[in-house]
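What follows is a single structure, written as structure tokens, with notes after it.
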Amino acid sequence: MSIDPVILFFLLGLIAGLARSDLRLPPAIYELLSILLLLAIGLKGGMELSQQQMSSVLPQMVAVLAMGFILPLFVYPVLLYIGRLGRPDAASIAGHYGSVSVGTYAVAVAFLASAGIAFEPHLALFLVLLEVPAIVVGILLARGIHSGTRWGKLLHEIFFGKSIVLLVGGLLIGWAIGPEGIKPLEPLFIDSFKGVLALFLLEMGLIAASQAREILQRGIFLVAFGVIAPIPLAICGALLGWSLDLSVGGTALLATLAGSCSYIAAPAAMRIAVPEANPALSLTASLGVTFPFNIFVGIPIYLEIAKRLHGA
Amino acid sequence: MIDRNFKLLTVVTEAALENELTEALDRLGASGYTIVNARGRGSRGVRDAGWSTSSNIRVEVICDALMAEKIADYLQEHYYRDYAMVLFISDVGIMRPEKF
Amino acid sequence: MSIDPVILFFLLGLIAGLARSDLRLPPAIYELLSILLLLAIGLKGGMELSQQQMSSVLPQMVAVLAMGFILPLFVYPVLLYIGRLGRPDAASIAGHYGSVSVGTYAVAVAFLASAGIAFEPHLALFLVLLEVPAIVVGILLARGIHSGTRWGKLLHEIFFGKSIVLLVGGLLIGWAIGPEGIKPLEPLFIDSFKGVLALFLLEMGLIAASQAREILQRGIFLVAFGVIAPIPLAICGALLGWSLDLSVGGTALLATLAGSCSYIAAPAAMRIAVPEANPALSLTASLGVTFPFNIFVGIPIYLEIAKRLHGA
Amino acid sequence: MIDRNFKLLTVVTEAALENELTEALDRLGASGYTIVNARGRGSRGVRDAGWSTSSNIRVEVICDALMAEKIADYLQEHYYRDYAMVLFISDVGIMRPEKF
Amino acid sequence: MIDRNFKLLTVVTEAALENELTEALDRLGASGYTIVNARGRGSRGVRDAGWSTSSNIRVEVICDALMAEKIADYLQEHYYRDYAMVLFISDVGIMRPEKF
Amino acid sequence: MSIDPVILFFLLGLIAGLARSDLRLPPAIYELLSILLLLAIGLKGGMELSQQQMSSVLPQMVAVLAMGFILPLFVYPVLLYIGRLGRPDAASIAGHYGSVSVGTYAVAVAFLASAGIAFEPHLALFLVLLEVPAIVVGILLARGIHSGTRWGKLLHEIFFGKSIVLLVGGLLIGWAIGPEGIKPLEPLFIDSFKGVLALFLLEMGLIAASQAREILQRGIFLVAFGVIAPIPLAICGALLGWSLDLSVGGTALLATLAGSCSYIAAPAAMRIAVPEANPALSLTASLGVTFPFNIFVGIPIYLEIAKRLHGA
């Protein structure tokens, strides 16, 4: 099972960062890359969805949404009782791990494409559905229901956060214009996808490297958690995918989503809603440990799990 | 022509707070503010990234001494414990004092 | 008559902006997109011009240039006497509406391409020709001839403003290298054009949304003006195009140019040359009202007008 | 070693004025200036955009009191009425006073 | 609640010095610093570019008078001759003085 | 011998800059463009290298490396004795001219491609090898061996400077993934290469124009040096290439490398290691004189030299 080229760019970034190179992507470029990725995933998914009947997808959507609410509840007690973290930190990290990572999803999509394995178009929809619920549950775990949290404002910020807006916007546009309409947009959004992903991963490697000192300081638990937690989460995802009759590719992707953890939407929301939680903890686990673990080791494992479940 | 009784209050804090902060300044009655993107190091480590979760903003407010204290107190109460934040105040002379 | 995909990106930006999403394109990216658009329009036009005889185009150019000087004179009295605006504001807005919008032109080009309607290559030239004269007239209307305006400096700034430089530069390069020479540049400049335009319109939608409060405050006249003014202006353009024997597509594009209004070159020039004019007024009308009106409603109307004139 | 008799004049204004402003500073005889991009809110509303027509710059000039007044007067006369602009002056100590 | 005995030291210098400078500040014992990108003009001409070799940074350090002098002396000794650099110091009041 | 289209973009930038246009590429975009160029050159070279036997290349690499150490030693005395520059300035400029320019290399590659002339893939390797040695020699010339220079730190900064990291990283990735693996990356990195180069040269033109005043002030020697020095340097490169049995294209490229001079890695390193050297001198000669000279005049000459040497 050969490594996907794009992952080498993550490695390059990681090594450059650890070697304290002055290589850096300007913030504006990082923004551009993530905008392109989010729109591309949305557009492609939406365009393919436009050729499907939605009625069969609806029950699946409900099940996936439910999983989004439940996953952080598995993670929280582990952090609280085994990790002995304080309530805000445990809740915040649970929210991160219940939510999903667009970067990880994109690598998995590239991985499946290289392996020639198809998947259902509505996985892009599941990506959107899984982003928010866990964050809400994480905040609830930290603050309780009757707290002074300004939910209206908070939910607004989560739902209209740029990643949701671009994913949903892309989905709707892709769905509205269909395969014909998307043609003139393909050179920038679809054909360049892997190149954009490569640059994005280069930057992710640089960021992961900048977490290195934190990782050493935070000690063994956080690293162990970051490496081990994704597996049971991904198994939940795989089981759900399998029971929803997804294809092998779809099952592997849903497993990847469950096993991935947020580093854009969740940190931003948690910083405002659970300020007592230390953002260095969650970001280190998420970006410094789990993200690299998933793209190097996790995704192939999740595909293997999906294959076994389907008896392939 | 220059009125010397004004204060310049400067806050360096997490970029994630920008919205909350400007809304608070509006509410407290500041006549305006100026923001630039910044990076830096402090007691919460290095904050230097594209990455909005670990970059800073530098906010300036020109106001009278009373307002400066009001803002400083508000920030102290709401953000000092949980956020990377530094605040300092200096004396400035301004023109058009009626504006502030 | 179906909506062009790129316009949906404007809608997405508009909705995200009105919903106060934190979605934002970094200034540097906005710059990059406009540089790419301007160069692409210039290169394409120049390349096609290189295969034409210029002698037939020259008289047309003179006529179009003349229109550029005259259009603001139609607009000015309306603003002064009906709109009851002060002289600087009326003059500044007249300058904006007499000049042209590159974004609107690009959308019209995409619209014609989708509809399979051809147009003359020198329309890109007309775009350049129409940019400056109205701005000069607007300044004259505001300040009179004998004022202390430093014309030398001002004209320099207008003529060497980046939009003119990139358009003219692109035209000349495209013209020099011809269809063969442009091939290696096509992936970035030509093939990606629609994708770039889509992102550009996303940002325009966000900016238009940020004008919303202004629009409500400025009252009915500005909105009415922004919606109504483009039509007679476009009719002037269409009549000129028709009398110059342009094709249906060319006529529609010249109508679009006449009906569009500047939001890059004119605001910058007016801010320096007519500082008493309130920039919020002109920008709100131009970006907040007329630009969206043109791309959603105007362009199809202008094409229809062009068709009628040509008896098609 | 540190000379305390200097002024720091800070102007926050429209980005569109950058060229005019720096030319004026040269003409008036300022020994230098430092500029950063900024955004903000004031009496002319929110100025916060990629968009150069509605973004700000923040210009600093170190100079003696006389020059500070000269610059402040010039700006007041030429730009205060029509442009978004805020100006404030504070006391600073500098090294190498011969430089300014 | 506000302690007035602090200094704000501001340095405008070449972007190429950023690493060296922050390392020096760490070594000298500054409790932190804030940096923004800047452009400008001074005795070494216009420094205004994308181009890191001819752009500036603007570094601020809040500290007590002793540390301010220490830093100013260090910079003077190591960089003043060969680099584009301007340095000024002003009085500021801060909250949480134990932090600095 | 027709001019390559991309060079026209340099001219456009130069004219715009001299005419004091407000056209400017944001720093972030300049960064993006150079990252794309460096990665593209590395990837392409590495991919082609993966199909070669490396054993034959090794001796060539040693010879090229040696040239990198020797070239600045030719330049230094000229600057010191004829130019009457101080030791630090002479040494710094010698380091610049001994090192290489990625932009010049890219233009030469485009030039050869247009002319349909092939070259060995390991030229990209030579580009990497030639970047560092001359800088080290330049610093040694300025400071001597026993000075207080912190060599460890300095070498680290040079070797892990972003241009080396991206070039070497690209080479290794390209080499690892080969022609198959690079396919999905081609739209962004390979197909867009010329477009990216065009924008890069636009910015280089603007920067070169900003050196104009310096050039006038610095007097005739610097200009003469910037125009004349590349020729003998390039001849050294051509002779080496020819004696190493490189093809005509390879010889021309090695000549170009030798005749080009650094404006990214060298200025950054010299500013820190030789602070007494006036950066305006070296940058003006390098960017303001030699770079334009090479892309307009030098490269065709170097190709001609290569042809003559090969008796073609």
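Per-chain residue numbering starts at 1, and chain names A, B, C, D, E and F are given in the order in which the chains are listed.
Simple rule for what comes next: contacts are C-beta pairs under 8 Å (C-beta built on N, C-alpha and C of every residue); 3 or more make two chains touch, one makes a residue touch a chain.
Remember, predicted model here, so these are calculated numbers, not experimental data.
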item	value
Joint neighbours of chain E and chain D, given as chain labels	B
Same-residue or different-residue interface between chain B and chain E, half as cut-off	different
Selected pair, greater C-beta contact count between B-D and E-F	B-D
Where chain A and chain F are represented by their mean Cα positions, the distance between them in whole Å	41
Distance from chain D to chain B - Cα centre to Cα centre, in angstrom	19
Mean-CA-position distance for chain B and chain A (Å)	34
Where chain D touches two or more other chains at once, by residue number	36, 90-91
Chain A: positions in contact with at least two other chains	22, 24-29, 31-32, 187, 192
Pairwise chain contacts, counting only pairs that touch as defined	A-B, A-C, A-F, B-D, B-E, C-D, C-F, D-E, E-F
Chain B contact footprint on chain E (complex, rising order)	1-2, 6, 8, 22, 26, 31-36, 62, 90-96, 99
Residue ranges of chain A in contact with chain C within the complex	26-29, 31-32, 35, 156-157, 160-162, 165-166, 169, 172-173, 176-177, 181-182, 184-189, 192
Chain B residues touching chain A - in the complex, by the definition given at the top	14, 16-17, 20, 45, 49-55, 79, 81-83
Partner chain D, residues of chain C touching it in the complex	24-31, 203, 207, 210, 267-268, 271-272, 275-276, 279-280, 283
For the chain F and chain C complex, residues of the former touching the latter	5, 8-9, 12, 15-16, 19-29, 32, 110, 187, 191-196, 198-199
